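First subunit A sits with subunit B, and in the next complex the same chain sits with subunit C.
Presenting the complex of A and B:
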């Protein structure tokens, strides 16, 4: 072990590697409910070459490696399930290129969402990227690789759909470039090449370490507005969302259902955010949205909530900082959520199942959804708060999360950024040949089984 | 441990590491070390683990606690309004526990010993406290309106002394009625408190209060924002009844007297908010009011200003202990690069510790030709009188 420690120091410098109990404690867990798994080393590379050397060392010594961004998925995916090395990527945070004309940015994978957001605001104010509601320390790499979504997902889909290309270190140490950057100096697209990006997306860091990422940028319009459609009838929500998203006006559509404040309990609030270049465009877009759900307004099923302009800013904040405050509703410092990707038509079922599970387990909940594309799918979330200082309360939340993952699968959805038990639930339902193919790909890429082992595996 | 009831409420979300623009890391110790453990959230989780006996007392744990610069960025930017005000208090409470256990870093222990034995961290005779005032004819306090309190860096550090002379000279020029304690002055104890020796702090505070009372002091004006903070916010707990000002508060009163200030050469100045005037005492405007009133000064803002300012790294005792250390990612050097980026000729400061930290950082960055550090009083005195 001491030898490995010395070799890691040689690679990244003394200052950026630790085997101390304090770091091993912190990096063994995240803010969710999963059990700790202790790393032997934590290392913070500063370049692709350093990542490569770490991977080569791990191969030589057959030590597991777990890449980590900000560990904000909350489902324990950056815990080293089999120990070994946690690679904290956040020192690789340089913004390498912004192409204003072709609207893309190339960043190191550990760049935080907040850093890119601030950089664009200052240096390229006409452009923005799709900001997830995760805290701003979340990394672009971590977010893209788990199929994240955000404030432009109604316009551009999952963040993986906004990925133009990437550079990665394979589990055997080769550095590869994926997308146009493998052929051209421009990181403009993944098409028309065979799309190898899929080898890294959704794999929870089991197929390599992404070191550079190119993502699409979008116009940052001078006028931004929000309309909130409020209704009580969950059965009508899919059609309302289909209509609103079908106007192709929105940049972001989210639904929020929360039991607090008490008056809001039972309401579905559908937030539609859109931008415009001019007042005329803004009015036109607002009219199109209103027109699309006219029937529901006429039938008094729902209506748009009156909003003062100072309130609008709060609803449009990216990332929405009030979301994290849910962790303190029980003065307990914790929440974890099941995010499940589902078709919009199952919304009523998803909503009712969530309430039922929360009530049965006696957990404090908040639910909602982000619409992806023109109503093509949604990420439906069930968040459960818990008191970190009370192990029984943590267990209660854990149980509710497990039941929710199962319920999501039963109604036809798929848990996103799935923790290990949820991964296994998915595998149980997966076409066996698909799972076999996944295994063959991993075996080819990672013959020594060093990359984040324990994920996407059948329990032995 | 005090504040232990809030430790488990940290969600380790990391808002506290950043300024409000999210531009870059704004916690000096996390910026330097980059392990999560050195971030505010890291400290919260480690303190809880330590109390739960999941980790043991160790030199590494002590280093983590003592690398906090007490800058207050986490208090400002944590998104949990119900406990954020006590984040730094919890870190200091952790240090207090280490003091009780005798498990503090050697350099911190040396600091406390120096205060006990010499009355100052420089291990210099207290009779030298008035050395800074030599030759400028500053009166000793008898019954003037203000007591000008200088503090340890202003009394003993060469850079601090220069600033003390500028402030005293300027106050004299503006005919402020003030005096100093000179050889009779004692340490204000702010760093003693923040380093976790609350007992010693109480002694220092009570002694100063008693001395001021005996001398009939009604108004104190401090050179350092650190002393300003301690006297304004901590001393009243021990019975202090005098009013406390930072020297910029007095200077600001003279800025409408246009005939006092002369000279029109253009200078581009950017102001670095000292944590103990800014974030800890919410005064962002006094220094700017002064700089805006000085003829010929173009005041430009760095991206991180006011509540978002990146600390010089000298707070929390680090000015003396240097646990945070140097290097390209030390916050003082990052800050210098930021000041150069906005094209400033002068980085204006209002704290002797900031002045020293930044002068060293300019040397380390090899940028002495590009930018200079000047305290606000020095700018007025050297350029505009």
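Presenting the complex of A and C:
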């Protein structure tokens, strides 16, 4: 072990490697309910070449490697299930290029959402990227690789759909470029080439380590507005979402259903955020949204909340700080959620099932959904806050999460960034040939099985 | 349930039907107005119930003080003609409910009742409010806003409790029998609506305008005239208490501003638009806000003075975009006092 430690030091320098208990403690867990798994080493590479050397070393010694962004996934995906090396990517945070004309940015994979957001605001104020509702330290690479979504997802879909290309270190040490950047100096698209990006998206770090990422940027409009449609019939929500999203006006659509504050309980609040270049455009977009749901307005069963301009800002914040407040509502720093990707039409089932599970387990909950694309799908979330210092509270949350994952699968959804037990649930339902194909791909890419082992596997 | 003090015979005999003929949001000639009025009297549906903007103006226009607006709202509720989508109404009813967070304590006169506007506590400061004490919160919220939501039942249920809360937790304990209403709605609720609904009010209320006029008179030597032209945004609730309007002119004289005559002031004042947006009538709200702002701009207003916080928060940005400074009445007085 000491020899490996010395070799890692040679690769990244003294300051960026540790085998000390306090670091191993912190890197053994995330903010969710999963049990800690301790790494033997933590390294923070500063370049693609350093990542490559770490992977070659791990391959030679058959040491497990777990890549990590900001460890905010909450479902334990950056825990080293079999020990070994955690590769913390946060030092690789350089913004390499912003192309104003073709609207894309190339960044190192450890670049934080907050850094890119601040950089664009300062240097390219007419552009923005889709910010997830995660703390600003969340990394661009981490969020893309888990199929994240964010404040432009009604416009641009999943964050993986906004990916133009990437650079990755394969488990055997080769550096590969995916997308137009493999042919051209421009990182403008994944088309028209065979799309190899899928080898790295949604795999929970089991197929390689992404080191550079190119993402689409979008116009940052001078005028921004929010309309909140309030209703109390969950059965009608899919149709309302279909109508609102179908206008192709929104940058972001989220549905929020929460028992706290008390006045919000029992209502579905559908937040629609849109931008405009002029007042005229803003009014036109507002009117299109109203027109789309006029049936509900006419029947008086739904309507847009009148909001003062001072109130709107907090609903349009990216990321939304209100979610952070909910995350600590139990004052114990514990928060985890099941995000499940589902078709919009199962919204009523998802909503009712979530309430039933939360109430049965006595957990503090909030539910909601982010709409992806023009109502093409949604990320439905069931968030549970718990007091980390109270083991009974943690157990209750764990149980609710397990039941929620199962419920999501039962109603036709798929748990997102699934933790190991949820991965098992998905595998049980998956077409066996699909799972076999996944295995063959992994075997080809990672013959020694060093990449984040324990994930996407049938338990031995 | 307390019954509205309303005499149908007065309406039946009314020759002018000012309540409908003078309406700024619906068009009626005298014949049509009489027909619709008769439907309302008979408890039948009328296009008045759908088209009412709930601006309160007909309470002011009625020459007989026969409460035509309160009747319209009663009818809307009886016939389930909801002006605002039902989920919004239900949500608001929950949001604005008394939260039972009463902390009885020592208060003194002058006592300012800030209603349910905690964000405005910073306005109560300086020489203007020297020696005052303050109460605010959901438990003393006057609840008059339900007139906009066809929910007189909520007023009938909550207002007597609110009156008890104020009387028993703040006034009686401290040997006080009056307070100053910061908001027109509260003064309108206690002096106009409560008597009309047969709800007893055991205390006396003072309108903010009267308080400000008296304070400015005492502090007259400290006033530096502002010397500006102002537009005044008269709120809906002031339609219930037009007798307080003269104080506005007196305050403006004292602080040295010119309330320039404009089309949409006094009895022709326009709604700020918030309620129409809640009714999902954005086109009407857009139109009247534009007309109102054009009017303010045309007369060269440097300030737009508000007394209603809802009007202020609704219109402040759009007023600013027109190059006009939005300001609350009390803040205008503070400005004149150099505070």
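What to note about this one:
By definition in this document, the second predicted complex is superposed on the first by the 460 of 460 C-alpha atoms of A that agree within 3 Å, B and C clash if a C-alpha of one lies under 4 Å from a C-alpha of the other, contacts with A are read in each partner's own complex, and residues count from 1 in each chain.
As a working rule, contacts are C-beta pairs under 8 Å (C-beta built on N, C-alpha and C of every residue); 3 or more make two chains touch, one makes a residue touch a chain.
Predicted, not measured: the structure shown is a model, and the values here were computed from it.
For the composite obtained by overlaying on subunit A, subunit B and subunit C can both be accommodated side by side without a clash. Once the two complexes are overlaid on the shared chain, A:18 sits against subunit B while remaining clear of subunit C.
When the two structures are aligned on the shared chain, A:308 is found in touch with subunit C, with no touch to subunit B. The superposition-derived angle at subunit A (between subunit B and subunit C) is 70°, Cα centres, a multiple of 10.
Looking at the shared chain after the overlay, A:355 reaches neither subunit B nor subunit C.
In the superposition on chain A, A:427 contacts neither subunit B nor subunit C. By the touch criterion defined above, A:374 reaches neither subunit B nor subunit C.
When the two structures are aligned on the shared chain, A:122 is found in touch with subunit B, with no touch to subunit C. Here subunit B and subunit C are compared by how many residues of subunit A each touches, and B touches more. Residue contacts after overlaying the shared chain place A:262 against subunit C, while subunit B stays out of touching range. Measuring only between alpha carbons, the smallest separation of subunit B from subunit C in this overlay is 18 Å.
Residue ranges on subunit A touching subunit B, taken from their complex, read 15-16, 18, 20-23, 25-27, 30-31, 42, 44, 70-72, 88, 90-91, 112-115, 117-119, 121-122, 135-137, 321, 324-325, 327-328, 331-335, 387-389. Remark: subunit C residues 82, 84-88, 90-91, 94-95, 97, 274-275, 277-278, 280, 282, 286, 313-314, 316-317 touch subunit A in the complex.
Those residues of subunit B that touch subunit A in the complex are listed here as 8-15, 17-18, 21-24, 33-37, 42, 45-46, 49, 54-56, 58, 60-61, 64, 79-80, 82-83, 303. Per the touch definition, subunit A reaches subunit C in the complex via residues 230-232, 261-265, 267, 283, 286-287, 290, 296-297, 300-306, 308-310.
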